[in-house]
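In order of appearance the chains are A, B and C, and numbering begins at 1 in each one.
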């Protein structure tokens, strides 16, 4: 019986500002240490200024994962020393005085498995470290605080996953969900990180840290299961420990830490009062939440008769579902869905291509009309689509320009 | 030049054209030069003070709108940030720290055309009761320089008492404004928690500390409260004070008010001179038509232990940022490993700060939190309930500010627990968040005694009325320096 | 009862080199002994009092760049990074 649990950190990259100060939340465009201010640098005498929208967005994430959302939330200090931590404590959330983090227990369905969410908490990201110098004698650490204070949502699951494939599916669902909620762009480097814990046959839970990407997460989990299984087969005890993922060698290594186990001396953050999120606000947030992926899929299948697999693709990608929903779905839903999920996909398969695309929903409406009425053939439609994505010209114009107005299907 | 003006008197004189800000500030700087060698209130004197006063005078002459301070000279405790000025917290760890921003209280005073004559001494990082723990040497009590001026805002109280400035900004975590005010015979006020913004106050125990003015008169305190109080977006713990005018109605008196004398603060260990001063103060208050009777607040006897446990925990966390990487003093990182570097860098803290940090690591640690830290929080909670209950019956509470007279420099420095207990009367207001003021009341054998009044949360305006009444019954001699 | 070993552990936790452990043991010992008084306060069933704030009082999500080049006012390495010792 393999058991895998996850601890996922998602940056709220779509917010304008950091969790406790007005510096930019998405730090990626900045030269080192140019996206900082006295607050996120933890300068003496500065105090945190909590971002209202971060709480709203985090609450939406909790709701989307079917978590309980308390009426009062609190923040705590996690005290430890590290160069990327300007105050040498992190402001985070805990549930030691009742349920006070942004999301309580919830769940999400992955395939046919129910994955329980333990809790969701809001916290600040630390800065970034760069190591300079080759030999261990010369080594210096360089610190860039641009990222310090970026809002993070930590999602902790119960060890309900049974295999790496389920983990992968879950991460995809989560990425789509976050993108759909318009809170985060999971494709940004470092926007989503995860730690895992793995145990087999009711044995000790091994934590794996330092996993850099979702791709590596699947690998790391797979490696660790194999490692534990081989130890188990030789009757060797799997000791409780923390391991870290070695990206170069693609293995997990025991973290032989020289320090004793850290005591974080958690206590309430005195500079932030408990925040009241009244029932009315919860209802308002719920009503403002973008339609969930599963709800979209349901709608596509039942209302428009779109085949299950097509509806899957359409609903789980915000770019596609937005295009679909804004087009004339009353008339030619199936045709539009078909165009998107067959011909269009290849033309917009990267972020850059999507950003450069000049295609609008009205184009799809026109195209579907033209195909259905026999004005152009499927093949010509494919070519027209290519042109539209490139130039944004109206279908009418393209048909005349490229002389696509044939009825016959010969080619 | 008569430097013995209160803030309101100064403003009047300047408004009437009898005095220029430049002349007064110049004379103030001269006074500092003359006596501060003995008193050591100042860590840093503002070389541009006279120049800044000249600018205010120009503004006045030109008929432009002038801020309510009219160029009056103020001193500021050196744990409050003034932009581009050294802010050391009287520590070697921040020897070269230059604040890149103004504290909110500083911005507000600058807007009102105040002139800062300098930064004044404190116990290192505000941890102490006597200013003896400053890394730059102690300050001396102007009433007798062999004696402590109180702390941690010792420099503030000394500078006001000795006419080195008109008023000062201090900070009060466990009595650090009221205690030195009492020891130096000036007025010291700790507002309701959240009334004055802490943005720019270098944190020691952020859940209970407040910036407070130290002034010559109670009306001056009201004057400064009008400038300093108010909601601040930079401090999420500030409260809406409702745009009150704290001077309005301050002379209305306390007829018919009920005042509780805190039994636990006039009991065992109190100096007979302090007890008799307290009794005299009570009869003076009764003379105004107030009804006074003793009240017991049981949790007082646990308040010092609770206070030091909570503040040590918060200090341990608030001072963690001082690892000498981003600011601090000169100490290169080459050749060191992270943990050994910062452990060595942080030995620049003074012995009292180090003791508090060891305590602060111990009492909330996983093996001990239940016995110490969590219990301390519960005592704080219960004390608050008891005090709020008392305020259902009484309008004010009264007690001596400090149970003993000022003592000699060096006398208590080696006995930490004896020093703790000097705080026993003042920590209550910090733990419960209620406003409290120390009014200078008498001099006994040349040493000052102050009387403390407390009111319920947000009743700061009413508290000032009671303090004003008490103050009006006393005519104290001037400081002998 | 606080041992010298415990003081050493805590000083590692707080990252301060405490050379003369014995001196600290005595003083810290007497301070902690004093705190034992809390045991007789009878507060086991007490709940914490909490200060709270409605969501609407919080800062709105706007990006406001800090007007000065802050890194130049702090310890810096060629105006870009902060230097820290090597990590083990």
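Here is the rule we use: contacts are C-beta pairs under 8 Å (C-beta built on N, C-alpha and C of every residue); 3 or more make two chains touch, one makes a residue touch a chain.
Keep in mind that what you see is a predicted model, and the values were worked out from it rather than measured.
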Identity of the chain that, by mean CA position, is farthest from subunit B: A
Central chain (distance from its CA mean to the mean of all protein CA atoms): C
Where subunit A and subunit B are represented by their mean Cα positions, the distance between them in whole Å: 49
Rounded Å distance between subunit B and subunit C, as computed from the means of their C-alpha atoms: 23
Where subunit A and subunit C are represented by their mean Cα positions, the distance between them in whole Å: 33
Shared interface positions of subunit B, touching two or more other chains: 100, 233, 236-237, 316, 320, 323, 325-327, 333-334, 338-339, 342, 361, 365
Multi-chain contact residues (two or more partners), subunit A: 38, 41, 49-50, 81, 83, 140-141, 143, 259, 263, 265, 273
Numbers and ranges of subunit C residues touching at least 2 other chains: 12-13, 15, 48, 51, 53, 58-59, 70, 74, 82-88
Contact footprint of subunit B on subunit A as seen in their complex: 38, 41-50, 77, 79, 81, 83, 86-89, 137, 140-141, 143, 259, 263, 265-268, 270-273
Residues of subunit C defined as touching subunit A within the complex: 9, 12-13, 15, 48, 50-56, 58-66, 69-71, 74, 76-77, 80-88
In the complex, subunit B residues that touch subunit A: 80-81, 87, 89, 94, 97, 99-101, 103, 198-203, 206-207, 233-237, 313-314, 316-317, 320-321, 323, 325-327, 333-335, 338-339, 342, 361, 364-366, 369, 373
Contact footprint of subunit B on subunit C as seen in their complex: 2, 6-7, 10-18, 24, 27-28, 30-32, 34-35, 37-41, 43-44, 46-49, 51, 53, 57-59, 68, 70, 73-75, 82-88
Sites on subunit A touched by subunit C in the complex: 15-17, 22-25, 31-38, 41, 49-56, 72, 74, 81, 83, 97, 129-131, 133, 136, 139-145, 258-260, 262-263, 265, 273-278, 281
